[in-house]
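After this come two complexes, each holding chain A, first together with chain B and then together with chain C.
For the complex of A and B:
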């Protein structure tokens, strides 16, 4: 147990530093903040009344969904694929590091990055400061299914090129609630997708209704997806880790 | 005898192709054992079996005196491995990589300055791996495998791609480690390296161990029945080294003009040719 904690801690330290050193990771973390800065200042600046309110809600959605999908799919998946491509993963394994320790570190770093980026986006889009902790918590918990899926796909990816292809389903799945208003009938389904509950909770927070009974269904959906992802991860991990 | 590691009748196939065929050898504690063979002979596969990267089809492997299936993580903490693809993190410096591996191995890393000095990397310790030459990367990867002071070191082609000076540094360090008691299991296709470093060598051909002995013993086993005398007048005289050649040797010695006399022994490449009938 002590060795496991020591190794996971060492990996965590390395992976956290790598967020700033790795251009892919850095871009994935900065892009959502950049998008929010652009939308808030270039598009939202001239809006007033109901339009401004609706746009503000849209930015809350964008913040949560962009951050979750970009950091989880691009950063987590690509960094694991890079480790495989450059043989640093094999070198780690030969130093008696297990795949579980590596994945735990990568997953925790992804969630930490999501927390920081969500917080930055929240401040950029000008939401009230008192909602910040709840917003970050929604973002982190709601991102767990995508992070777990990305970790599994990272094991499957042979190199960074294949990671790019494998990240597409995660991107589509994660960003799907954004299109809820654009496709007929999709708004009925979107709240029940893996990031749908998180999105609904974010909107309720922005409307001041987070701590009402309206939040129960999206909360249940979010937690259900976390549970489903955890079970699927546990079932698929052993086989994928062995084969890949 | 209680060998540190051993293989008994170990076979492994990849689909229909048999890559290791009834392999049997043992390595004693403190020994530097060389595993020789051409590319594709099964050297790397053997190391992969010994380091849990592959599982044998049949036979018995023991590590630290117990079957490899029962080897614990603690046993693997006593091992250092430099594989043919070992690589360090490119966006980290040599020193940061080694400190990271020291943390992974649960050691302080107080020995890092000494290790860097011995590998001639002290001045480059702050250099990012992505800016290092292949030789520097290889030496740094070797240090990463050594940072915790392993009892048993697996080295897969450790000097592959190194220039002569870097090879000499690695050889010197391996000799020092072996002298200090570290057991070294080394694969190489460089016969001279094996002769230089190893107390015993196993020669592998198409997954079969065709010979296993001290390099000197192997060379003597396949030595030709011939002695070669270099005379002061510039002539080189060859004669048999049995009784039939004795008069010629005696005559050369009696004349006082014999500069050198030695038996004709094959090098390990010629031993391989003798054993397999094929060029190395």
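For the complex of A and C:
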């Protein structure tokens, strides 16, 4: 147990540093913040009344979904693929690091990065400061299914090129609630997708209705997806780690 | 001489440390078997393709693995393997020799009971080989069992343990030198001194037979049932046996330092001893080649040449 904690701690330190040292990861963490800065100032600047309120809610959705999909896929899927391609993952495995320790470290770093980027986006789009802890909590918990899915896909990816292809379903699945309003009949399904519950909870927070009974269904959807993803991860990761 | 039909048989044998001259496929197969067989032991690996993360420095890379290993402090490994001057160098900028030393330093952090090394001496200069061989000798004395895969066999003979070569899927042991053979030149006719004598050592290329002046030869080596002479860093196959080479070259200051080697003593720059049974001659040829000196022949060399 002591050895496991020591190794996971060492990996956490390395992976956290990688967020800042790896240019691809750094860009992917900064992109959602950059997008929000752009939308807030370039598009939302001249809006007033209901339009401004609707646009503000849209930015809340964008913040949660962009951050969740981009950071989850980049901090896990692409980095694992990169480590495979450069043989650094094999060096770690040959140093008696287990797949569990590596995945735990990558997953925790991804969630930490999501928390920081969500917080930055929230401040950039000008939402009230008192809602920040709840917003970050919604973002982190709601991102767990995508992080776990990305970790599994990271085990499957052979190199960075295949990681690019494999990250597409993560992006589509994660961003689906954004496009729900544009497709007839899809808006009823979207809240039940993996990031749909998180999106609804974010919108309720922005409207001041988070702590009402309206939040129960999206909360249940979010927790259900977390549970489904955790079970799928527990069933699949060992075989995927062994085969790949 | 022992012979094994598979990597599993070789690893399960009673041999201590094992050094195998083989290609990449056999090395990969041996690595997998070592990893599976010794899963519960303190294991360390250094594989040729280990490059570390490009953004890491030598120090940060070794610090990470020191924490993972929970053994030797990374600064001790940096000092032993002579990496202090490149401690802040990013791994992406490290030369193959520096990377090889980093890989060995990383393996040393684990204080392994079983250690697998792939081509550990291939890119190293004389100082690097000294650091690597002294660490291997020190760990061997602590009971560590080494499995190394390498080319050429000369490198395998520098290390403590049994030497094998890999051919048609089989691992065949190389007869080790205990120094009991007497030198062929001792019984041969003495050089009269005033007679006209021409000595050229024949060697083959694809299209011609070359005739080398003995003074141009750095050493002669026996490898995989064939004999070679090394001239300006290149090995040329020669039809002469090692005994014939010893007899002919003995008059020109060559010495049979090992069953598989005859060395030009004028080219020897350094004699090193890593353990009680491990000697090494470093030549001042282009590649600063290391050649094994059999324990039993070390005394003879000392008597004959005074060092």
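Keep this in mind: the second predicted complex is superposed on the first by the 244 of 244 C-alpha atoms of A that agree within 3 Å, B and C clash if a C-alpha of one lies under 4 Å from a C-alpha of the other, contacts with A are read in each partner's own complex, and residues count from 1 in each chain.
Criterion: contacts are C-beta pairs under 8 Å (C-beta built on N, C-alpha and C of every residue); 3 or more make two chains touch, one makes a residue touch a chain.
Everything numeric here is computed off the predicted structure, so don't read it as measured data.
Asks: Once the two structures are overlaid on chain A, check if chain B and chain C clash or fit side by side.
Replies: clash
Asks: On the A-aligned overlay, A:213 touches which partner chain: chain B = first, chain C = second, or both, or neither?
Replies: In the superposition, A:213 touches no partner, neither chain B nor chain C.
Asks: Applying the document's definition of touch, where does A:87 land relative to chain B and chain C: first, second, both, or neither?
Replies: Both chain B and chain C are touched by A:87.
Asks: Of the two partner chains, chain B (first) and chain C (second), which one does A:21 touch, if any: first, second, both, or neither?
Replies: both
Asks: Could you tell me which stretches of chain A are touched by chain B in one complex and by chain C in the other?
Replies: Touching chain B and chain C on chain A: residues 3, 6-7, 9-11, 13-14, 18, 21-22, 86-88, 90-92, 94-97.
Asks: In the complex of these two chains, what residues of chain A are touching chain C?
Replies: 3, 6-7, 9-11, 13-14, 18, 21-22, 83, 86-88, 90-92, 94-97
Asks: Quick check: in the complex, which residue numbers of chain B touch chain A?
Replies: Residue positions touching the partner: 51, 53, 73, 76-77, 81, 83, 85-92, 100-101, 103-106, 141, 144-145.
Asks: Within their complex, state which residues of chain C touch chain A.
Replies: 35, 43-45, 47, 49-55, 64-65, 67-70, 106, 110
Asks: Using the touch definition up top, name the residues of chain A that touch chain B in the complex.
Replies: 3, 6-7, 9-11, 13-14, 18, 21-22, 86-88, 90-97
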